[in-house]
Amino acid sequence: MSETTSRSRTIMVVGGGIAGITAAVEAAEAGHDVVLIEKSPSLGGRVAQMNRYFPKLCHPTCGLEINFQRIKKSKRISVFTFSEVSAVKGGPGGYTVTVKTSPRHVKANCTACGDCAKVATSEVSNAFNYGMDSVKSAYLPHVMAFPMRYVVDPSVVGTPEGEAIKAACPVGAVDLEQKDESFDLEVGAVVWATGWRPYPAANLTAYRWTDIPDVITNVEMERLASVDGPTKGKIVRPSNGEAPKRVALIQCAGSRDLNHLAYCSRICCLASMKHAAYVREQLADATVDVYYIDLRAHDKLESFLNRLKRDPQVNFVKSKPARIEKSEAGGPVVCGENTLTREVYAEPYDLVVLATGMQASLAAEGQPSFAADFDDYGFVFAEGDSIAAGVASGPLDVSMSVQSATAAACRAIRAVTA
Amino acid sequence: MTTKTMSYYPGCSSQASAVHLDTSLRAVMGKLGITLRDVEDWNCCGASVGHVDGGHLGMYALNGRNLAAAQAQGPEDFVTPCAACYLNSHYHNEKIRGDEALKAEVNEVLAAGGKSYDGSLHVRHSCEVLVNDIGMDAVKAQVTKPLSGLKVAGWVGCQTVRPFAKTERGGNYDAYDDPKFLDDFISACGADAVPFKGKTKCCGGSVSVMSPDKTLHLMKDILDEVKETGAEVVVTPCPLCQTNLEMYQPMINEKFGTDFNFPVMFYSQLMAVAFGLDAEKDAALHQHLIPPQPVLARAK
Amino acid sequence: MSERKTGVYLCSGCGIGESVQVGALEGVAKSEYKLEAKTHACLCGDEGVGMIKADIEAGTNQVVVAACSARVMTDRFGFEPIQVVRADLREKVIWSHPAGDEDTQALAEDHVRMALTQASKIKAPEPWTEGEFSQTIMVLGGGVTGLSAALQAAGLGHDVLLVERADQLGGHARTASKRLPHTPPYDKPEANDIGVLLDAVAANPKITVRLNALVTRTAGMPGKFAVTFADGTIEDVGAIIVATGWRPYDATKLGHLGYGASPDVVTNTDMEKMLAAGQLARKSDGKAPKSIAFVQCAGSRDADHLPYCSSICCQTSLKQALEVLETDPTANIFVIYEEMRTPGVAEELYRQAQSKGVIFIKGKVKAVGADLTVTVADELVQQDVPLAGLDMVVLATGMVPNSTNPDQAMVEYGAEQLNGDVDPEAPIAVAGYCGEAPAAHEKRVQSVPEGGPLLNLQYRQGPHLPVLHDGFADSHYICFPYETRRTGIYTAGPVRRPMDWAEAAEDAAGAVLKAVQAVRSAAAGAALHPRVGDLSFPKINLNACTKCRRCTVECPFGAIDEDEKEYPNVNPTRCRRCGTCMGACPVRTISFDNYSVEMLSSMIKAVKVPDEFSGKPRILIMACENDAVPALDQAGIKRNSWSSHVRVVPVRCLGSVSLLNISDALSAGYDGVMLMGCKPGDDYQCHFVKGSAMAAERLSKVGETLKSMMLEPERVVQAEASIADSDRLPKVIDGFVETIMKVGFNPFKGF
Amino acid sequence: MNAMSPTPSKAYDLNFARWVYENVDGGDRMALCMQCGTCSGSCPIGTQMDHGPRKLFMMIRAGMKDAVLSSNTLWNCVSCYNCVVRCPRQVPVTYILHDLAHVAVREGYAQAKESDNARFAKAFWWSAAKYGRTDERLVTAKYYFSFGVGEGIKRGMANQKIAMGMVKTKRMHLGMPHKVKNTGELHAILAKAAEMEAKKHGAK
């Protein structure tokens, strides 16, 4: 990846998830220089943490591989990981963007040989698996990581372990002295592709995610089902490692709720269909109950919903559960009213998956004033000067995000060529 | 130490089933520098059933009259220890404040008794005063007989935090789902607040008074959870909760073949004891159907 | 190309030096290829890269790097325009096989041999750039999507030909009332600003509009499309955006919902027109309706009509209800629905409609009487409810994509334009059932909209645009909504997926950017996604061609026509460089400058095959470089190991594998051959559409070849691989090795 | 409260629903109910309700006025406010049920009048209005005897132990009930309230 050559015609893309990557490669392949800013150690964002996509049940890493190849082939994209935008000055055609980078403690000459991890002794929570397991304090973010470079956790800086890790690197790539840095970039357009975070399940106090181990979130389910997840893809009860027999999927866990997210997150219903499929593919005698207000499956995705409806071991209950209680055995008991039968139920389950919604990352971070025009929910309102791609602009599924990102690239190009 | 005067609305139960709440709270607040000035000639708030016969304006009349009386005495905050009184006063006060037409209507009613109210007072729960005005450090400072080792289940109940976990000045004094303040009170007294998930479960409220058959199982569930936690005593801020859970234990034992015998106290009694105040005159421990003294004695 | 000067560079870093004897690898280069290899302890470091650059300065014009996988350090080892061949000694050798082991050593040496052989068989591709290339972008359809696309394309500096079949631009929006909310707080109908778009288009000098226009024929290829119109005129365009939008579902098929029973049962499009005209009135008596019922999913989500959800009918009914209430706040409005679908911030519109008094009834419509009494099986009050005294019933009819031209006679679709044998509603393949298995499920027939081809494509694969199972001309890929099966032709708007105005405008911008890339890449002779920038293209030696037509039939992108003499004729800019044609050709006449059957066979033969007395088998794996190879790399990264008797040859796509490669392998003494590639069939993962499927079909015929060689069929298999198979593939490989050991050694060894 | 509530003439005749929206405390937000069931599900004794709040709201829209106003749902509300804080559309369910209970009594629905809750409420209001304070002893007694002398004594006896205990612990006092000093003023205020209320919905 070359240094950016032209200044005012350069496009900055903030966020290296599927939307940011797409905006970057599409702009680059149309002949423009792009700076791609990513907060985490590697690109891929949320989709890299997904096991599979609906409705094809194919692997997100397949598309990521192609996109990473596109970035590798491109001479026009500069990628900055561990980086965030801390200030933006100027306007369309001429922005000065201040970028803040935090230390990876590993330099660009890392060959990913893994010698550092061999000598690391302490472990840190594994962010890639949403903290469901841990990794060595010197680690590769994940097997598809791009850039393919290790990270040394700040916790070992100034410790004998840190020194050992440093000494173990055959190419001297470990740098424990790295500090936060800031630098300015001149760009002609900024594309906000800052994506989303799962709505914090801890806020849904009635669903007891914090104190019932077998209540997990939909994103945790993705890791649970993933071959590189904490269980190598085995769907089990976190409490005892056993295969669940009764699974509940609870829709609108935070979404469509004026006390939490006022909007519908669009993807949760279909993601839950996928989760039903994960369970049914693995466990012959498992039954899945889907609790919902309205089943929302737009366009051809209706067919995907129908596929699950055909499975006699997947049941649908039109009800927003009121609360989850703890059984004497410590398992979750889902309580509510079945609105079609009027019966008030209290059903015990082995595993409950909360379909938590999508919250705009920027909203979660308190809408930086410099960033863009926001709507009431913290999504970037992209009909003004602001250019947004993917979920930063609203709750979208992957192909809609890519569509939005390609359009954002088009608008950005027009902004820098105007 | 902060010294403050507040208008005090004890509520009907203060003269009957919850007299021991009233007694102990006055004693404790005194120690903590809060002067409680009774609202002159206060009346019933209508509780959870007044609306049925009283209707809209009837409820506004009752609550408006109290607020008017308080305002006539001064602008100080309007404090009440009773969950139902708090809910009704808070609710009607906010409505009156927020709706000019309604305010006029209510004042037309009050005028019949030569009273008026402009909606400017702030209604508060005595627990919220302890949290926000006094603070746990001040409470701890008064503790001379810490109730070490005493296992206490802090049972908040409903209306103390639902729906008004927020103060009238905005902001929350606690969460309606998993409130912490009662546990803080308990620990401030040197006792152990056991983790108690049933802390906001409902006792059946007035329905328990009129038709216990419908709600005994609710109280039984609560007592089951208390038992699970290994607590020796239940502490609550709510008059009706205290009465229901205490007086129905024999009936519950009869119906479900259980053997519950948990003392149910008010937080203010616990504080009075921890403050080393008089067991009867201040803590009113003698006014329980299930005497807490034996359990309290066990605390070292 | 001037005389080939190949530089060979070995890396001994990352443990390579400790696990294999790099000296011996240098020896291979020297003794077998007469090439001086240079070894560095960290080749990707500045020093190593500097060394290579210096040699290039000094005249080296081809580089072979034997170090890590080609998937990493791509930028460090990129020396355009110099060709670089990578040999993987790390991920697929030392990370996945025991150190200091003679078999690992042999594996490493073979990797070097294959790379050096490959290098000797390729040359830097010369792009195909013959003749004139048009930069004009044609937009078919003058509705919201088309108008937006035209403006975006013009904004990017391209001339635009905007083609509309009607006598004026504007599409549905011209007769529609207000728009769905698209600006915060998203809670009220917004002004129909189609006029703004129309004016902008009229004022834009780069946009040429053709009204009443019918495309009768589209020939050529990206950069060189020749579009013929009914009036005989021909336009040259570089890329095409199909923005033909949608048509309402035929309401006459909705008798069960009362359509036809009364003139006051209308469709949502009728309603839209009435609201736009500002005269909402009953057709029967001209009175303004006081009570209106909206019936959702009129045709949509119905196996007997449209199987899919039309996505915007819910919002449209809410919008129309709010418009009615704006003029008459006391109107009684009912929305009869089964699932209220207001995704994203559209939830605001739902809440708004409720707070304005719209009543929502969940349930199916059982009957609609001539007196407009609608009987609903009300699921929430749990009884059948007659809605009496209604003045109007609005059927929220769904969207049918204009992936065909409804004005023209139906032309049958060939399988090539359909989505293959996909059954989108087949039950998920489950681990099993503890109770009743689902009733046998009848596969849904693919819905294809009535009408003639939009462009009448002059492609071997037929005149229609390929469509998915629901009839929409959408991409098959979730990550790549613009990855079309007809290079340089992109769909946008409701012809691709049911969508509203705001999204259609966005989609138009996306499609335009792809079209712009298409015309620019075409002129440069470069490939488009997924092999972006690849300058190679298929060259056919017609002298050897047998006119068997396999290449023209099997090309997934219709890149190869047959000329009048029935010889294959390549349209290079349609080509996506997968090599399926090359794999199809029985007489290896098709090859790319940097990829050919011969190259693959030479690499295969370059491997040292031990004799049977060594007790060591040699097994060939031809692996798809998009999924299988990355999966094996990841297996290496995770230090999973597999038999060191296999040799992996990466291929662009299994479709490019020729049976000749397989017979060459077997006659070279390999004991088994495995083709490893993406999932074929229904939900194919292959980005070249049917590479794996073609490979499977060809393998089904390999039995003959094997018989003729008197070999067991078990020796040649195909394995499905996904990129997430880093734990599974090693087991698959070892399993195959075991099978082969059972079958025994290939008698042709050392023949 | 404006006027008596209108009586629907057919299914989904909206006159009653609209009246509720406009006249019942919190009724305006009831329009936002999306029938998710959170309220009925969070109710401690939802199992003992015939319809539960969620369905009751749908019945109001459906114009099932009589069924609504004679529903036991109105009388089984324990006023725990769980539904209020959990409702994703922030519908003040408890307040609506309370007010509908009042409407049911005011409009003379027998099921309403006969319910335990209505009887108790009547006794309660009698005490509150008469004395300005609720005397638990009198309220309970009045409530018990509202079922007739026999039933009254039966219930009294059943709770005798409790009553004695309360007396012994000085939590129930005998003799004259507590009352406000200025009963005259209180009665004037309540009378005015009643008068104004009556004027609005037409005395009954």
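Each chain gets a letter, A, B, C and D, in the order it is written, and its residues are counted from 1.
Methods note: contacts are C-beta pairs under 8 Å (C-beta built on N, C-alpha and C of every residue); 3 or more make two chains touch, one makes a residue touch a chain.
Computed from a predicted model, the values in this text were never measured in an experiment.
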Original post:
So which one's got more C-beta contacts, C-D or A-B?
Top reply: C-D
Original post:
What chain sits nearest the middle when you go by CA atom centres?
Top reply: A
Subject >> Rounded Å distance, subunit C centre to subunit D centre (Cα mean) >> reply: 63
Original post:
What is the distance in Å between the mean C-alpha positions of subunit A and subunit B?
Top reply: 45
Subject >> Rounded Å distance, subunit B centre to subunit D centre (Cα mean) >> reply: 22
Subject >> Sequence positions of subunit C contacting 2 or more other chains >> reply: 340, 380
**OP:** Could you check subunit A for residues that touch two or more other chains and list them?
**Re:** 206, 256, 339, 342
**OP:** Could you list the positions in subunit D whose residues touch two or more of the other chains?
**Re:** 34-35, 55, 82, 85, 89
Original post:
Pairs of chains that touch, anyone?
Top reply: A-B, A-C, A-D, B-D, C-D
Original post:
In the complex of these two chains, what residues of subunit D are touching subunit C?
Top reply: 10-12, 14, 17-18, 21, 28, 31-35, 55, 58-59, 61-62, 64, 89
Subject >> List of subunit D residues in touch with subunit A within their complex >> reply: 34-43, 46-47, 51-52, 54-55, 82, 85-86, 88-90
**OP:** Going by the contact rule at the top, pick out the subunit B residues touching subunit D in the complex.
**Re:** 12-13, 15-20, 41-44, 46-58, 60-62, 65, 87, 105, 108-115, 158-159, 162-163, 165, 176-177, 201-202, 204-211, 214-215, 218, 243, 247, 250, 286-289
Original post:
What part of subunit C is in contact with subunit A in the complex they form?
Top reply: 13-15, 42, 44-46, 68, 71-75, 80, 152, 155-157, 182-186, 301, 307-311, 339-348, 379-380, 382, 424-438, 441, 468-470, 472, 474-475, 477-482, 497-498, 503, 506-510, 512-514, 516-517, 520, 529-530, 532-533, 626-627, 630, 634, 637-638, 678-679, 683, 685, 687, 722-728
**OP:** Within their complex, state which residues of subunit C touch subunit D.
**Re:** 332, 334, 340, 350-351, 354-355, 357, 359-362, 378, 380-381, 385-389
